[in-house]
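The next part holds the structures, each set out as C-alpha cells.
Each of the next two complexes has chain A plus one more chain, namely chain B in the first and chain C in the second.
So, the complex of A and B:
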C-alpha cells in the first residue's frame, strides 16, 4: 500500500522524477535487479543464472526463477558474468536484462501475431499490415524509458561502451546513464563520501567514494565473497567424517525423520535423463544458501577464530542444527564459524586441490587497508567515519561485529563508523536503491546521455560523461 | 458523507477462465453475482468482438460451417443471401478467443472487449467506482494501460487496482500469509508479509501448474478409452475425481503397496505406453503388468463399450444416429431385464455405491455433451428434429439426475462454472447429459508431478523472502485458493507433499542443547553412540520429559515427544532469527462470518477480499487512505499516477 506521508512526500510538481519513469537496472552475479526509478524496492529481481538447452532445434534459453529450477534433460545452468567480474556473454546478458525488464515492468512484447490466435479466422491480406506494424513496435522494448545501468567499479572501457550500445541500439532507450555500484550504494545510505564495502556473490569490493566520485585507483576487489563461502562449506562437508552428503531438493521425493548424524532414509526420485551437473550444482547452491542463512556464523572477535582458545569458546556455545533436503541432520558447533573465517583470515581458509589458499591481500581487512592507502591522508578520517556495508553476503550472522573489530584493529586512532542498513532489502539492493534515488532526482536530468548525443558522438561518450 | 455508497461500486476480477463481477456491495458479502467465461468471439468486423458465438440458423451447407467463423462470414459480407437468420449460440465455445493466458493478458483488444461486455451487462449508473483485481503477472505498465482504458472508456469517477494475492489476505483477515493461487494453467505463489507482497521471489505464473494440468493428466490416462478433453474436464469437476492422500492405496488394488508403485500400475494398465512424467517413464516396466495389480476385471469389454458410447458426436455426425439410438434402447432394455431378474449384480453395485468415492473402483459422472449438441445443431434438423434428438440422446432422466444430486453430484459445481449467461441457474435446458463410468484413473490426475512443482514453488517463494525471521510465519499461514484448487483432495495432497519434502523435524541432537555434552562427536553411521533408551523415532534425545513439559508450558506429552513434528515449541530454531524453516506448516482457517461464501467455499477469496477492500477504501474511510484514483487525479497525473493509489 502506498500511503503518502504528508510530512515527507513532495508535491507532484516539485521534482520532475515521476515524469520520466526511468528504469534502473542493477545486474549482479547472483541476481539482476530492475525497477522504476523513484520506487523503494526493485520490482523485478531475477536470477542471473539462466538455463540453456541444447536441443536438436538449436539453443534454447530459459530465464527467470520458474524456468531454471525445473529438472530437465540437457538443461545447463550458466551465468553471463565472467570470473573477472565483468560481463562475459553479452548476447545472453542482453536477453536476460531484457527479460528482467519486460517480464515484470513493462509487459511482455505482444506475441507474434501469427501465433496469438488473433488472426486465425482471417488469412486475407489485411493481417500482413498489422504484422509489420507490430514487428516495428516490438523491436524496441524500452522506447519510452530512460535507462540507468549500474556497473562494477573495475569495469573496462570496452564493456562500458557495450552497455550504452545495448541500451541505445537494441532497446532504443531515449536516454542512458551508467553509474558505479559503489557510488549508488553510498547514495542509498545518504552519503556522498565514504568507503563502500560490498560483499556480493562472486566478488568483494572496496570502493572509496569522495563527493560522489569513485577514486578509481582506490577500488579493490577480491574473489572472497559468497561463492567462496559456499565452497568452504562444501569442503567442510567433504572433510567431515563420514562425509556429509549434499542432496538437493529435486532429487528427493519424500524424506523421513532420522537421528542426528545417521544416514538419510529418503525416497529418491529417479530420472530417465538425469539433469546436468551444472543444474545440480545450482540446486545445491540453494541448499548452501539455506545453510548460510541458518547455520554459518562469523566469529565476532575479539581476535581471530584461530587465536588462543577462541575455538574452545566457540565449541561451548550452543550448536545449530541443520537438516538436509534428504532428512540427514546434525548439529554444527564450532565448524560453522570456519566457513566465513577465510574472508578475514586467509590462513584459516580450508584448502584442497581445487581451491588453493586465498591470498592474504584478498581478505576484507587488507582490501580496506589498500583502499584507504590510496586516499589523501587528510581525507581518511572522514572516509572511515562513513563505511557503508552492502551486499547479500554481509548478512551473515555477526558479520558486522567482526568487520568492526577488524577495522578498529587497523585504525585504532580514528573514529570508525559502519553504516549498515538494518533492513535486509536495503542491504541487498543498496546500489539499485541508490540508482532509483539518483534517476528520480530532478537535478539529474541534465546528466542523462540523450539519444541525440549518442548518435552524434558514438559509444565513446560514456567515458566522457559517466565517470 | 462517503464519496460512494455501497451500491455504487463495481468489482471486476478477470481470470484466465472465468471473470467474476458484481455491482454494489450487499449487506452480507456474497460470491460474485455475475460470472463470465473469459472469452470473446471475433465479430464480423476484424478487431471487434461478440460475447456469444454467432452462428447461422437453418444452414444449408452441411458440415463445413462448423469449421470456423470465417466460413460463416463470407456469405454475409457478400450479401447474396438475405434470408440468413443469425442466432446466438450461448453454449458453444468454438472459435473463442481467450484474452488471458496463464494470468497474462495476451490479447488486449479482446480483453478490453470482454471488460466492456462485463461493464455493459452490469449496466451501472454513472457515478460508480470500479475496483479491478489484478493478476500478479500484470506489469506496472499494463496497470497504466488499464487505468487509461477505464477512465477514458467508462468515464468512471474513481478507479482502483488491487492485487489478487493481497485481496485474498484481506478476505482471510490476516496480514501475513503465503497465497497459493492455482488458476487455469498457472499457479502464483505470493508471500505477503504485513500487508506487503514480497516482490522478490514471488512465483508469478508458474506455467503448466493449474487445473488444466489435471485435465491433461486425466486425458493422458483415459485417451485410450476414448475420452476427449471435454469429458476429462467435466470428470475433473465432478465429485468422483479426487487426489488421494499420499501413500493411500487405489481401490481395487487390494494389496497395500509402496507409495511410488501406486501411480505406476495404472499408467501401465491404462495406457501401456510411456507415462507422461519422466519418473513414470523410468519406472514403467518395473511393474508386473496384467491383471491382479490394478487392471480392472473385464476391462476390454468396457473399453469396447466405451468406444461406442463415448464417440456419440462423431456417430451422429456420420449419420448413424438411428442405429446408435436403437442400440442404446436395447441396452436399456437389457438393463431393465436384469433388474427385473433381481440378479445379485445390483447388490454388488449397491454395495459399491455405498462405499466412499475413494474406495470405489468405478464411479460415474454426468457428462454434458456440448460437442454433440454442436453437431446436432449443425445437422439442420429443424427445431422439432433437434428436440427429438436431444431427448433421445439425453440419457439422464429427471429421476437419475436427482439421484446424482443426492449423491452429491456437481449441481453446485455446474452453477459455479456456469457458462455464458451468468444467469446461474440449474443445468441448462438445452444441454444433453450422459452418464459415463470411469475407473481408478480418476484418482490419477496428478500424474506428471504438478503437485510437486507447486510445492517446490511454495518453498522457493518463501525461501527467497529476505527477512529470515518472517519465513516461519509465512509457513504457518498458507492460503490455497483459486479455482484450480477445487479438485477434491488437492489441498490436503499439497500440504502433504510440502510436509513430506520440506518440513524440518526437530533435530534429535538439540532437544536441549545444554544437556548435551558440547563436544558431541559425530556419531558413527551405525548410531552406536545414540543414548538409550529408545523412545519413539527420536529416542536419541536426552530430554527429561518433565523438564520439557515444564519449559514448553504444555501438558505432558510423554510418549509423543519427538514423534510429533508439528508440536509447537519443539523447534530449536525459535531461539534466534537464524534457523531453518519450515518447522511447521499450517493453513489459515477461512473466516467464519461470511455465510454465503462458506457455502461455496473460499476458492475465490480474492473476490471477497476485494469486497472488503472496496467497502473500506470507497465507503468507510471516505477516500482518506488513497486506495483509489479519482477522475481529477487522473486528469492531473495521467495513467502513471495509478501506482500511487492502487493497493
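So, the complex of A and C:
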C-alpha cells in the first residue's frame, strides 16, 4: 500500500465515492459541457451555437466547433437559449445535447448481435423476445447511464419538466436528476453554503446557497455579462476615430505587417455565396473573445474608474497591443478599462441607440446586495465568508480585485472572502465539476429519480425531488 | 502435553531450568545488538560513558521508495449491477467492482450476458453501504383530536400547519430554507378541494386587492412549530415525568419569543449594515483599547516590581490589569476626588495664576510619580469612556469637630508636596535660623525636660510642641532684649558716674582705642565676636522687634525664666566689664558693639559646650 499523501486518492470509504458512470450535462449559453461523473474535466465541450442550413432537402443542423465556423452559404448561426436565460428551442437543444453526449462520450452503439450478421445461424425463440426490447433501447443513446443536468437558478417549473421528459422519453436514461448550477459551483469549490457569483456569457447570476439548497428568493440575474462586454467593445471600436475595423478570420486570405494604427493591408477572401450576417457576427464574437482575453482589464479599485484621477492613472499604465486578423494593430491604453466597467458601474457603460444604459440594479455589487438582502440575517455573515466566483467572464484581468473591493465597500463589517479557483478550467466549468462530484457520490444513489418513479408520478416529480 | 515448565508455572515455582537458558540466550543478543561504532562517532559515543545517549540517534539510511510488490497478475474488475438499499424502488445501477477470485474468469462474459438477458431483479445484489445517509427527520405528529384540543390557532389553519410540518420535514429544520420556500396558498388548496363557505370567504379575502398577505416571517414559522412541539410534548409526557434533557428541551420550545428574536435579528442586521466610518471608528477604538491595556500592563509590572522592592503587600492581582487601583469603593471615591481636584486646580491655574497644587495633574507634575501616571491613565480612560458625560460632583462630607478629632482628620488650605514624618516636623521646629538660637532652644527644651526624640509625634503633639517652641522663641527674644537694655542701662549709669570728667565725645575719641586693644588682647573673644558679626548679619534686626516687645517681658515669662536670668547674669559677669568699657562709645557704634557683646555670652555658652564635648 502506498502511504497516503496529497497526490494519492482518498480511500473509497472516505469520500463515499461510488461511480455509476453517470453522465453530467451542463448546458450554458456559450458552451455545453458533458462528461462522465467522477472525472475532473468535461470530456465534451461543444459550442451552444449551432448552424442551421435551410437547403432544398430540408433543414440541416450543424453542431460542434468545426461545423459552425465553416463558411457556407445560407448557414445561420443560432443559439437555443432564450433571452431570459431559459432554454427556448427545445427541439434543437435536445439534438445539440445529444450530440454533445454521443460525440465524445458514449459513441455510436455497436450493432445488435441479431443484426450484425454474426449470429444468423442462431434462431432461438427466447432470445428473439429479448432482442426486440433491446432493439428498442438501442435507439436511445443513454440507456446505460444516469443523467444529471444542470439548470439555471431561475428556471421555470415548465422548463424543469421538459428536462426530465427529454432525459426519460428521448434518451431513455435509467435515472435522472436536475440540479442548479449555483449549488454545483459551490460544491466544486468544496462549499455547501455560500454566495455564487456566476458571470457567464449571456447572464450574470448571484445565487445564495445554504446547505446545498438554493435560496430562491435571493437568486438574482442580470444581462450584464460576457456578451454585454462584447457589445461594449464593439462600441469602443465604433466610437474611436478613426473607427476600428473588425474583420473576422474567415474573410482574410493573407495579411501583411503594418504600423500601429495604420489601415490594414490584407488580401480578403471572396465568396460566391457569402455567409449570412449571423455567421459573420458569430465570427466577430470570436475575435472579440480574444480581445477580451488579452486586452480588456477591469479597473481594480479603489473607487470607480470614472472617479477622481483614476482614468489618469490608467492612462499612465502601459497599454496592451492587439492585432486584428487583417493585420491592423494598436496599443490600447485607458480605453481597455472601459469595456468591463459597466458590470460594476452602470453609469460608466457606453450607450448607443441599440444598447440603452443598463439598469443600476443589474450591476454586480447591487445584485450581491439584493441577494444578501433576501437571506435570513443570521446566515448573511456566513454566506459572505463564502463567495464563490465562477463563469468564464470572471477571468477578465483584475476582475476579482474589483469585486473584492466592491463587496468590502458594501459590507465593511463582515469578513468577506472570495473563493475563485485559480485554474481556468475550474473557473469556467465549475458547475460541471460540481455535478461530476455530486453524481459520483455513493450517497447520491438514493436521490436519483428512477425511470420507475417517473413513470409512476410523471414529470411533476422533478419539482418534488429536485429542489 | 504439559511440560515441566507448565507444571512449574502451575505450582508457582521459579523457572529453575529455563531462567539461565533465557539469560544465556539474551546475553549474546545484547552484545550483538550494540553495534560497534567506528571513527569519530565512536569518540562521541565514548563521551556518553556507560549510559545510553539522552536522545536515541538513528542513522538515516538512504531510502528509496519501496519497490512495487508484484501481487500477481492484474486483478479483474467487472461492472456489477446493484440495487440501493436506501431506495424504495428497484433502480439498478452499475458500478465497477473487483471481481471475486472464486468466479472463473472465463465465465465473466457469460455472466453479464445472462444478466442482460434475464430478469435480474432477483439476482442483483443490494448495496447497503450508503444506507446510513438515508436520514429521516424526527417530527412531531398529531391526531385529529389532539389538533382540535391543543393546537387550534386563529392564525393558522389546519392545512397550513400540516404544510409547515411537511416543509420542516422536507428541509430538515433548515429554517432559512423553509422560509425561503414557504409558499402556502390557502385558496388554491381550498379551491381544489371544493371546500365549504368558510373556505370561499377565505378565498374571497385572499383574492381581494387589499387582502392581508399572509407573509410569514421565519419567527412566525418557528413560533408556530415550537408551540406545536411543546404542546404535544407536554401532552405526551407530563412535565413531572420529563427527565432533565426533555425538560430543558420543553423549556426551550415553550420559551421561544418571536418578538425578541425579531429584535435580535434587527440588531444583527444593523450591525452588519454599519458604514465604513463606523467600522473604522470601532477598529480605531479597539486598537486604542489594546494600546491602553498594554500600557496598563506595563505600568502594573513596573509597579509590581517597585512594590516587591519596597516589600509592600501585594495588590489584588485577580483584578484585571490597570484597574487594580480602583477595586474598592474607597479608592474609587479617592479617584473621583482626585479628578475633581484636578479640575479645580486647573481652573485655579488658568484663572488665578497660582502654581499647581498638590493634586494638579499638569504635565510636568505627573510625569514622575507612578500614582500620577495612574491618574493620567484613568483620566485618559475617562476621557474615552464618558467623553460627553459631565464630571460627577462628589459630595463633600462635613464632619463634626468631634468626629474630626476622632478620625484625626485635618483640613489644610494647602499642603506641601511630598510625604513628611511627624518627627521630622518636630525636628524642624527645634531648628532656628542660627545655630546659636538653635542651641538656645535646645537648652531651653532640655531644661524643660523634653526629650530630644519624642516617641509618638502625632499631629496633636506636634501642635502643642509648636506652641511651646513659639513661646520659647518669644522668651529668648525677650531675654535678649532685657539683657541689652540692662547693658545699656549700665553703660548709661557709668557715663553718668564719670560724666564730670569730660565730654562724652572727647572721651569717646580718646577711649575707643583702649577697649579695642583690650579686645585684641583677648583674641579668642574678639575673634568670636567678629565671627558672630559675620555669621549673623541680621542679628541686629532680631534686636529691633525685641526692643518693641520689651514690655511683653512679664508675659513671656516662664517658670524657667528666673533661673535662666540668674544663669545668664552669672555668666555675664566677665563680659559686663568689657561692655562697660566698650559702651563708653556713643551712638551706632556702641549699639553695634553691644550687639556683639551680647552675642558673646552666646559664644561663651558655645565655648562651654565645646569644652564639655
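Keep this in mind: the second predicted complex is superposed on the first by the 419 of 467 C-alpha atoms of A that agree within 3 Å, B and C clash if a C-alpha of one lies under 4 Å from a C-alpha of the other, contacts with A are read in each partner's own complex, and residues count from 1 in each chain.
The definition used in the following text is that a residue touches a chain if its C-beta (ideal position, glycine included) is under 8 Å from a C-beta of that chain, and two chains touch if they have at least 3 such contacts.
This one's a predicted model, so the numbers in the text were calculated from it and none came from an experiment.
Because the two structures share chain A, they can be overlaid on it, and in that overlay chain B clashes with chain C. When the two complexes are overlaid on their common chain A, residue A:347 makes contact with neither chain B nor chain C. In the superposed pair of complexes, A:213 makes contact with chain C only, with no contact to chain B.
Using the contact criterion defined above for the overlaid structures, shared-chain residue A:309 touches neither chain B nor chain C, since it reaches no partner.
In the overlay built on the shared chain, the residue A:448 is in contact with chain C alone; chain B does not reach it.
For chain A, the partner touching the most residues, choosing from chain B and chain C, is B. Touch criterion met: A:322 reaches chain B, while chain C stays clear of it. In the overlay built on the shared chain, the residue A:156 is in contact with neither chain B nor chain C.
In the superposition on chain A, A:239 makes contact with neither chain B nor chain C.
Contact with neither chain B nor chain C is seen for A:265 once the two complexes are overlaid on the shared chain. In the superposition on chain A, contact is made by A:295 with chain B only, not with chain C. After superposition on chain A, the chain C segment that clashes with chain B is 76-84; the remaining candidates among 40-48, 76-84 or 472-480 show no clashing C-alpha atoms. Chain A residues in contact with chain B (one complex) as well as with chain C (other complex) are 18, 21. Those residues of chain C whose C-beta lies close enough to touch chain A in the complex are 84, 86-87, 89-96, 116-117, 127, 129-130, 133-134, 170-171, 174-177, 179-181, 218, 265-266, 268-269, 271-276, 278-280. Contact residues on chain B toward chain A in their complex (touch as defined above): 42, 46, 68-70, 73, 95, 97, 104, 106-108, 110, 138-142, 145, 195-196, 199-201, 203-207, 246, 259-260, 278-279, 281-283, 453, 456-457, 459-460, 463-464, 466-468, 500-502, 504-505, 507-510, 513-514, 518-520, 522-523, 525, 527, 530, 537-540, 565, 572-573, 578-580, 625-627, 636-637, 640, 643-647. Put simply, chain A touches chain C in their complex at residues 16, 18-21, 127, 130, 134, 144, 146, 174-175, 210-211, 213, 215-218, 374-381, 409, 411-414, 442-443, 445-446, 448, 450-453, 467. Chain A meets chain B in the complex at residues 1-4, 12, 18, 21, 36, 41-45, 65-66, 69-71, 73, 102-108, 110-111, 116-118, 120-123, 126, 240-242, 249-250, 252-255, 257, 259-263, 267, 269-273, 286, 289-290, 293-295, 297, 315-316, 318-323, 325, 327, 329-331, 333, 397, 424-425, 428.
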